[in-house]
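Look at the two complexes coming up: chain A is in both, with chain B in one and chain C in the other.
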Partner chain A sequence: MSILFAVLFYAATIVLVAGLGLKVAQYVRVPAPLKIPTTPAPLTQGGAAFRVAREVVIFESLFKSNKWLWAMAVMFHFGLVLVLIRHVRYFIEPVPMVITLMQPFGIYGGLLMIIGLFMLLGRRLVLPRIRYITGPSDLLMLVLLIGIGCSGALMVNFVHTDIIGVKAFFLGLMTFNWQKLPADPLLYVHLALVAALMLVFPFSKLLHVPGIFFSPTRNQVDDARERRHLAPWAAKYEANKTMP
Partner chain B sequence: MKASWLIALLAMLVAGLGWGPAFADPFPTIPKAKGERCVEDPQYMRRNHMDVLRHQRDDTMRLGIRTTKHSLKECVSCHAVDGKDGKPVTVKSRQHFCASCHEFAAVDIDCFACHASTPEAKR
Partner chain C sequence: MADFEIPVLNEIPVVPTPKPGATAHLKSFPATKQHQEPLGYPGELVDNWQTKAIEVMGELLGKYRSLPVFLDSCVKCGSCADKCHYFLGTGDPKNMPVARQDLFRSVYRKHFTPAGKLLGDLVGAREMTRELLDDWYNYFHQCSQCRRCSVFCPYGIDTAEISMAAREIMDRIGLGQKYCNEIIGKVYSVGNNLGLPLKALNNTLEGLEEDIEEDTGHPIKFPVDVHGAEVLLVTPSADFFAEPHIDGLIGYGKVFHQAGISWTLSSKATEAANFAMFIGSYENMVKISRRIRDAAIELGVKRIVFGECGHAWRVAYSFLNTLAGPWDFLDPRYPVPQHICEFSNDLIKRGAVRLDKSANDHMTLTFHDSCNVARGSRMGDFEGGQLVIPRELIKASCGKFVDMHPDTIGEKSFCCGGGGGLLTDDLIELRVKGAQPRMEALKQVVENDGVTHMASICAICKAQFTKVLPYYGMEMGMIVSVHQLVSNAILLGSND
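Presenting the complex of A and B:
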């Protein structure tokens, strides 16, 4: 079982890193020929960067459009951040003091995340208009994350695993000094679901994580009147002074 | 073209991961206890010692049942580690049997805010 999980995590990591890398490379290269910032938009590059930051950290446009969905999204994403910070302890040794001090918040973050996820799932199942536009992959992501969250919270609160063994397993993976994974069914479920999430990440809606940084309506500066915008494909005609 | 990208990425991954405290034993040092065997199965204790101790505390404090099977005092006296000066180390030292794993796993313990982390001196 340890070997199976070791292979699974190497494969999942390669797929996640390479897949995300290729996707980001594609996002960088794909043309954004027009100036289309959603107005009112910032007039400076710094302002545009700040707008993207607001979008990433507090989901500004979602707040403006849908308070309920925003609240659910905040519960899930902020909870997830706390949970991820809590999990850092499994991958570095020695553990910095900040991470140690953040540990208890990770537990509450986990509960917040699970509540948020169930509300998001309820939204997709109960609201008729949302249900109509819900595809299988929308539900799959929520169910995967709920499975990960619940198996994790169960291990924290009720059926403990040997976390020293878990950390040794992952440090072992990272230093190519393989160790046994503690034999606990709940841990197997948790890790298998995490690996599944890593594997589907580069092919799914979860790509909104890198994608949000590349959305032209948010990251562009509203300077179309001050500076003429020349799309790369149009530049060569400009140089030759001929019209296409 | 795409394949060369992938290979470069993989090479970077392997090089990056192989760095650091390479090939060191990824376990904390777990000191050997003096007693013959633990009050519970070691595999059980590794996972559930915190619940056992908390249960014992509630029994003792709220119900007045004071047994020795799961008492913190016995854990401390059996698992004590001697420092360089020949005296048992406190929980502040990483050699201490609690601190060794707890610092490794980034779990704070509050037992020793009240209790002693070293065995009682023999009179």
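Presenting the complex of A and C:
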């Protein structure tokens, strides 16, 4: 079982990093030939960066749209961030003070995340217009995240696992000094689901994570009259009068 | 009056329950050979249209970053679902922006993503069938590319970008839309959207000059092809004869006259609008934009000013520098191009043009922010100037002004229902229903605040409202041009 999980996590990491890398490379390579910021838009580069940051951190546009949905999204994403911070201690030794101090918040974060996810799932099933746009993969994604959250929360609160052993396993993976993974069915479930999440990440709607940074309607500066914006293929078209 | 049900105007907006297929019968006339070929598109659906469509989709994915980013990023959260005026007015779920995008996204998934190739239906991947192509045609011509959905999307996904790409693909496999392509053809063959020949234009302008002189006693001129004029005015051809557009044109003429700034129209560029944006065609956008550059060079003008036209202003403000720049031969002290509202407001603020608001005392105004101006451009030198400057201009011309509900103006403004290449009689049912959210907000200020008129700075908005207001029991004359108000209030003669 330890070998299986070791291979699984190496594979998942490679797929995640390479898959995301290729996607980001595509987003970088393909130009945005026209100025299309959704206006009113910032007039400076710094302003545009701040706009993207607001989308990433406080979900500004979602807040404009729908306060309930925004609250559910915040519960899930902020909960997840706290959980992830809490998990840092399983991957580094010694554990920094900040991470130690954050441990209890990670537990509340986990609960917040699970509640948020159930609310998002309920919304998909109950609201007719949201049910219409929901496909099987949208439900599976929520179920996967709920599975990860619940298996984790169970281990933290009720069926404790050998966390020292888990940490040794992952430190071993990272230093190529392989250790045994504690034999615990709930842990197996948790880790298998996490690996599945890493594997589907670059091929699913989770691409909204890199996507937001490349969204031209959000990251472009409103300076169309001041600066001539010309994509490389458009410049070729201008020079040769034939579309490349 | 109509063989369809006119939507109800509620006090508090209601989001409809999805009614699948509610607008499946609304199909604008497809283009024929004679509309397709002058634009460089095949005259009819090509034999291998499926392969060709996928090929063009691949090409566009490599040219426009917005496409892969928007197609990959959507999480189906539904934030946009209740933001489209066509969904709100018709209830057809395929008019929810996310569902509209999914018509495109499903084919993208099938042919350009590993997940779609492997898992198909599970991740919403679909083959490009004839049935799906028909859905594309219907529903990508039920999007006015107004960008309201992009305001509310947490990733800034703009359905307009998707619908432009879809229309480009359809054009290139031989399934264009008559309305847009016929108009672009007219720009190439006659010089403007309405197919107004130069002789008729000259006659109209001469008649206009005589009428205004009779009316005001001042010799307001509408010059054409005057070499060495300071300003080239590019305005939508509707300004030359449609109501209330022409009252705006009279306003521009009076402002130029009173400010003593020489100006000219160009017989080469008698149209501001660039309908090639609606069909997502970069090549045709360039071709239409170059007319303006050529006219400016030929006439030796120093500045370019655009008249009241929403989509024209988006292309002018946001794209013109890209498509037909650089503009280094013009006077560097002024932005290129300028909007007539920026131009007039500046003159008024500096006291070069004076107004007497009492001329408009019989009206209480509200302002309809045109979508492409509000969400796709700017005016002035500050963020949001496109929302502030027209209002300043209205308030300088008129004593009574009331804004509509904040969720329906500014960046959240509702489309008039006729933008993006849908202002055609074969889509009248869609246009009437799509106007519902705007009509609802208007009715509210009419009843609560005594608003009598709604001003607009877009030729399409003006034409659309003139047509749809009566369906909702309101007067078509309620819609006015912003420069019509300026025209009424301007003090002609000595500025002393």
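Everything that follows uses one rule, which is that the second predicted complex is superposed on the first by the 236 of 244 C-alpha atoms of A that agree within 3 Å, B and C clash if a C-alpha of one lies under 4 Å from a C-alpha of the other, contacts with A are read in each partner's own complex, and residues count from 1 in each chain.
One rule holds for everything that comes next: a residue touches a chain if its C-beta (ideal position, glycine included) is under 8 Å from a C-beta of that chain, and two chains touch if they have at least 3 such contacts.
Owing to the predicted nature of the structure, the values given are computational and were not obtained by experimental measurement.
By the document's definition of touching, neither partner reaches A:V194: not chain B, not chain C. In the superposition on chain A, contact is made by A:I164 with chain B only, not with chain C. In the superposition on chain A, contact of A:R218 is made with chain C only, not with chain B.
Applying the stated contact rule after C-alpha superposition, one finds that A:Q179 touches chain B and leaves chain C untouched. In the superposed model, C is the one of chain B and chain C that contacts more residues of chain A.
In the superposition on chain A, A:A6 makes contact with neither chain B nor chain C. By the touch criterion defined above, A:A48 lies against neither chain B nor chain C after alignment on the C-alpha atoms of chain A. The interface of chain A with chain B does not overlap its interface with chain C at any residue.
Residue ranges of chain B in contact with chain A, taken from their complex: 2, 5-6, 9-10, 13, 17-18, 20-28, 43, 46-48, 50-51, 101, 103-108.
Residues of chain A touching chain C in their complex: 23, 26-27, 30-36, 38-43, 47, 55, 59, 61-62, 64-66, 69, 73, 127-130, 132-138, 140, 200, 203-205, 207-208, 211-212, 214-218, 222, 224-231, 233-234, 237-238, 243.
Residues of chain C touching chain A in their complex: 15, 17-18, 20, 61-70, 72-83, 93, 96, 98-99, 102, 113-115, 119, 121-124, 147, 150-158, 161, 282-283, 286, 317-319, 321-322, 325-326, 335-337, 374-378, 382-384, 386-387, 411-412. Against chain B, the residues of chain A that register as touching in their complex are 13-14, 17-18, 21-22, 25, 89, 93-95, 99-100, 103, 160-165, 167-168, 171-172, 174-177, 179, 184.
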